[in-house]
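One chain, chain A, links the two complexes that follow: it is found with chain B in the first and with chain C in the second.
Coming up: the complex of A and B.
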């Protein structure tokens, strides 16, 4: 009898398979799309287009310390160092198309949804122009108010219908609505299990180490519409639930002393030191805004519901929504503090950091620190400064705990 | 005896409290982490205190070099140590503006010297002691003379660049266009004060604000900071050694708690 695989084994195999299958699909003459990380991939999957995600690829390249070659390439082509490092890695990769870390095949089309970032369209537009391939944009207007207006939803719905026509034209096939229903159903199931797994961290101690969440995230990006993804996250949930029942914490050694929210993208390029310094002080990242980033729920075959769900990614919503969400998570996960990653790459997220910090302190008395870093550019983080900030946060959290316990 | 050591990026400081908690020695040496500065600072304080090393019951280390220093019983961040040190020296202190060699921070202090909140500068050297070092070099004077030079200013020349590297070239071009050294020096002080006052706004200042860190030895910087913020700012006693003094206070508290 073969032993049942752990979710970690499955994760590693599926990541490798995702990239291998992409190369195979291209070799077999299938269409390949480069797409943004939280886009309606359902439409592409339904048309049997193989989708790869440049952000995810850039993160994988950075995590293996390979990003500098690509950053230097795009910078030498004239892209400013102030531009997002996902974009710079990818725009460099587009020219080099070879990395020791992992490879993605050249795209036949690009598919851009600007819910993740208001400037991402420029990156994709450049790809499409330089590679002379179709550029499909799904424009999700920023939600300045708490809820999306009806006309915004109607605008997005119209676009989704238009995309269907564009895909029919590109593939020369009629749109497969049955396959779309199937992918919609699976995508919702995957999102369900992803969220459920991440939310096991509410237990005290948390069975989940937040940096594992960062690793598993690779696949909620890449195979959300595939049943392998759903099965992986269900298994991961079962394992975490089992750990929680046994009262097991996030690590084999060391106790979870402080529970924090990590706000912003991980420093993929310095994953190990940023993780180890937190662990050294017993600090576990129990949650972030990521768990809900891919909880894109809608009814199968409800295109309008799908439009709304994609519009509601937190980076596309107003400051009030984000701070309410953060305060909700802080209460729900019993948070001691927050680490804000002031990411040189991500102006959109950085803009609200100080206000979020102020509200957390004012409304919930939760201490926080901000550190300068970047997701893929290794030149930005100073480890010594990072450690000083983390340690200062620990000292503040410790004092608050002591005061609460009357020590 | 209780020993506090503060190993900064450009200077090393040490302080000793006696068993009753009185400050009996403190010293600063202008050589920071990775040098013999810490050994020299320790020699100075033990000489001044007239006590032997083995009388030390507990040692706390702080500062940039704290993580790699192996001879202390505990390491604590400079944020907590500055708050502790200032409130030991001045009970009424509400806020601290600490400008060191490569860090600038604003700290809000609670009862018994606890840190209520703080902000630190971003990664770059803008608004830190390093900025003044670069300015002194371009203006052709010693760092210790910069305050006096700025004091002679009659017409402040604004330095608009935030970045230390750009500010350096801005200063060169100002001097080349015939501006007086003293006026440019005053502008450099103002540039730091403006940068740091933004941080003060973020964390909020309480009454009774003290400046600490090596930059507080520059009296014109303290004055410019006060002018910019529109309130009285005082240099803490022994501003450079405050972190080490706070570390020594922690050493006593931790020893007595254990």
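Coming up: the complex of A and C.
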């Protein structure tokens, strides 16, 4: 009998397999799409198009310290150093198409959902223009009011119907609605187990180390619509639940002293130091807005519900909504503080950080710090500044704890 | 007469605060602020207000730092700063379109930072090649009307909007004529004057402005075309400011033959469709706009558009007025730059910031570029 694999082993295997399969699919003449990380991949999977995610790929390249080659390439073409480093890595990769870290095949079409930012639409428009391939855009108007208006929902529904027509044209075959139902169902199940696993961190101590969540995130992006993904996240949940029952904390050594929210994208290019500095002070990232980011729930076959769910990604919603969500997480996860990543790559997330910070302080007395960093550009983060900010946060969290305990 | 009109309009553009303050006395109307890039000014005009353009300005940033980091575009930082300082308190409302990630955040921050000035947020569709986008935009424009009515306690009938739209179409046609005529008078209408004359229209009732700009057009047409031995260029980008760079154009004998500037021709280069309701026509103008960094296309047309403009206006080069930290413009640049270079058209890239103080480096770059071409 073979020994049961751990979720960590499965994770590594599945990530490797995802990239290997992409190359294989291309070699076999299958269509390959480059798509944004939280797009309705259901439509592509239903049409048997192999989907790879440039953001994910850029993060993988950065985590393996290979991003500079691609950043330099895109900068030499005129891309400003001030724009998104996911885009700069990918637009450089588009020309070079070879990395020691990992590779993705050239796309036959690009599929973009601008629920994560307006920037991706610019980036994908460039890819479609320069590679002369179809550009499919699923436009989700920004929700500056709490709920999406009826005409916004109607527009998104109309677009999904249009996209189905575009996919039929590109693939030369009729749209497979049965397969769509199946992928919709699996995607919802994957989202369910992903969220359930992430939410085990509510236990005290948390069985989950937040940087592990960042690792698993790679896969929730890539294979949300596939059974293997769903099974992996169920297994991960079971392992975490087991750890929680035993009262095990996030690390083999060291105690979880402070529980924080990490706001913003991880510094993939400096993952290790940003993690180690937190751990040194007993600070565990127990949650962020990520667990809910891929929690796209809707009823199977409900196209309109699917459109609304994608449009409700937090970066596409008003400050009131995000602030309510963060306050909810803070209470639910018994949070001591928040680290905000002022990410040079992500203006949409950055330019409401100060307001979010004030609201957390005013409404729940939760301390926070902001540090300057970037997800894929190694030149931005100063480890010294980062550590000083973390020290300041630890001091504030300690004072708050002492006051609470009447010390 | 021509010179007087030009000076009057330049004065307007150079002193926006004074210009806005004089609107009430001039036409009895209150002003409403319109953020870049596109706002449905016709709705504002239909309600009996004068829409004024809020395109930043030179100011010291202190209060806006509470909301926006230093790597945010200087126009939006200036607008937030001026709003927080109370400079916009006289405006009855403002409209902000969420056309880029920064504008989305400004919509959100405004609610807390400047609560005394009612703000109406709006979102344009990006998948414009789909019929659903047109229907969405019509509904969105009507939603803006409804929110605007509530914010300003007005009632805007379809007839009011139709009348306002007719005024704006006439204004846009006049502006297209102005930019065409101005091309033949590169000395009187130098780069700076050209910019200021267009900008003046953002601080006046359009009917009154039209009288003035038509005087300029007629005055020019009555004169003989000017001989010019300098360099004719096409400008492209968000905004041709600070105006000091345009002084450098004059100094180096560079004239603007046509522009693809968001604050200038992109506001009026696309005429309305002939058929349909006024709402369909308003939506149609945005749906039909090409080559703008803020509106997605299935294939970018900006590079070819610039090449065509260079040929049509017999220009020699393209000057890029790049507002630092403007993502949409920064993303377009590498693509059209490669296309222009392939077509053998020289490109000068100027990275600008509204708060820029020293122009020496820019002067050197403009001088050497002009020397290379003359």
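Here is the rule we go by: the second predicted complex is superposed on the first by the 407 of 407 C-alpha atoms of A that agree within 3 Å, B and C clash if a C-alpha of one lies under 4 Å from a C-alpha of the other, contacts with A are read in each partner's own complex, and residues count from 1 in each chain.
Here is the rule we go by: contacts are C-beta pairs under 8 Å (C-beta built on N, C-alpha and C of every residue); 3 or more make two chains touch, one makes a residue touch a chain.
Please read these numbers as outputs of a predicted model, since none were measured by experiment.
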Partner chain in contact with A:387 - chain B first, chain C second, else both or neither: first
Which superposed partner A:48 touches (first chain B, second chain C, both, neither): neither
Per-residue contact with chain A, leading partner among chain C and chain B: C
Which superposed partner A:395 touches (first chain B, second chain C, both, neither): first
Contacts of A:77 with chain B and chain C, given as first, second, both or neither: second
Chain B versus chain C as contact partner of A:342, first or second or both or neither: both
First (chain B), second (chain C), both or neither touched by A:354: both
First, second, both or neither for A:95, with chain B first and chain C second: neither
Chain B versus chain C as contact partner of A:242, first or second or both or neither: neither
Which superposed partner A:302 touches (first chain B, second chain C, both, neither): neither
Set of chain A residues, in rising order, touched by both chain B and chain C: 342, 354
Interface residues, chain A side, partner chain C - complex: 74, 77-80, 82-84, 87, 91, 114, 117-119, 121-123, 125-126, 128-130, 132, 134-135, 137-139, 141-142, 144-145, 149, 151-152, 154-155, 157-159, 161-162, 318-319, 342, 344, 347-348, 350-355
Complex interface listing, chain B residues touching chain A: 64, 67, 76-80, 103, 114-115, 117-120, 122-123, 202
List of chain A residues in touch with chain B within their complex: 342, 354, 361, 367, 370, 372, 380, 382, 384-385, 387-389, 391-392, 395-396, 399
Interfacial residue positions of chain C with respect to chain A in the complex: 66-69, 71-72, 98-102, 104-109, 111-112, 121, 123, 125-127, 130-133, 135-136, 139-140, 143, 293, 296-300, 322, 324-325, 327-328, 330-335, 337-338, 349
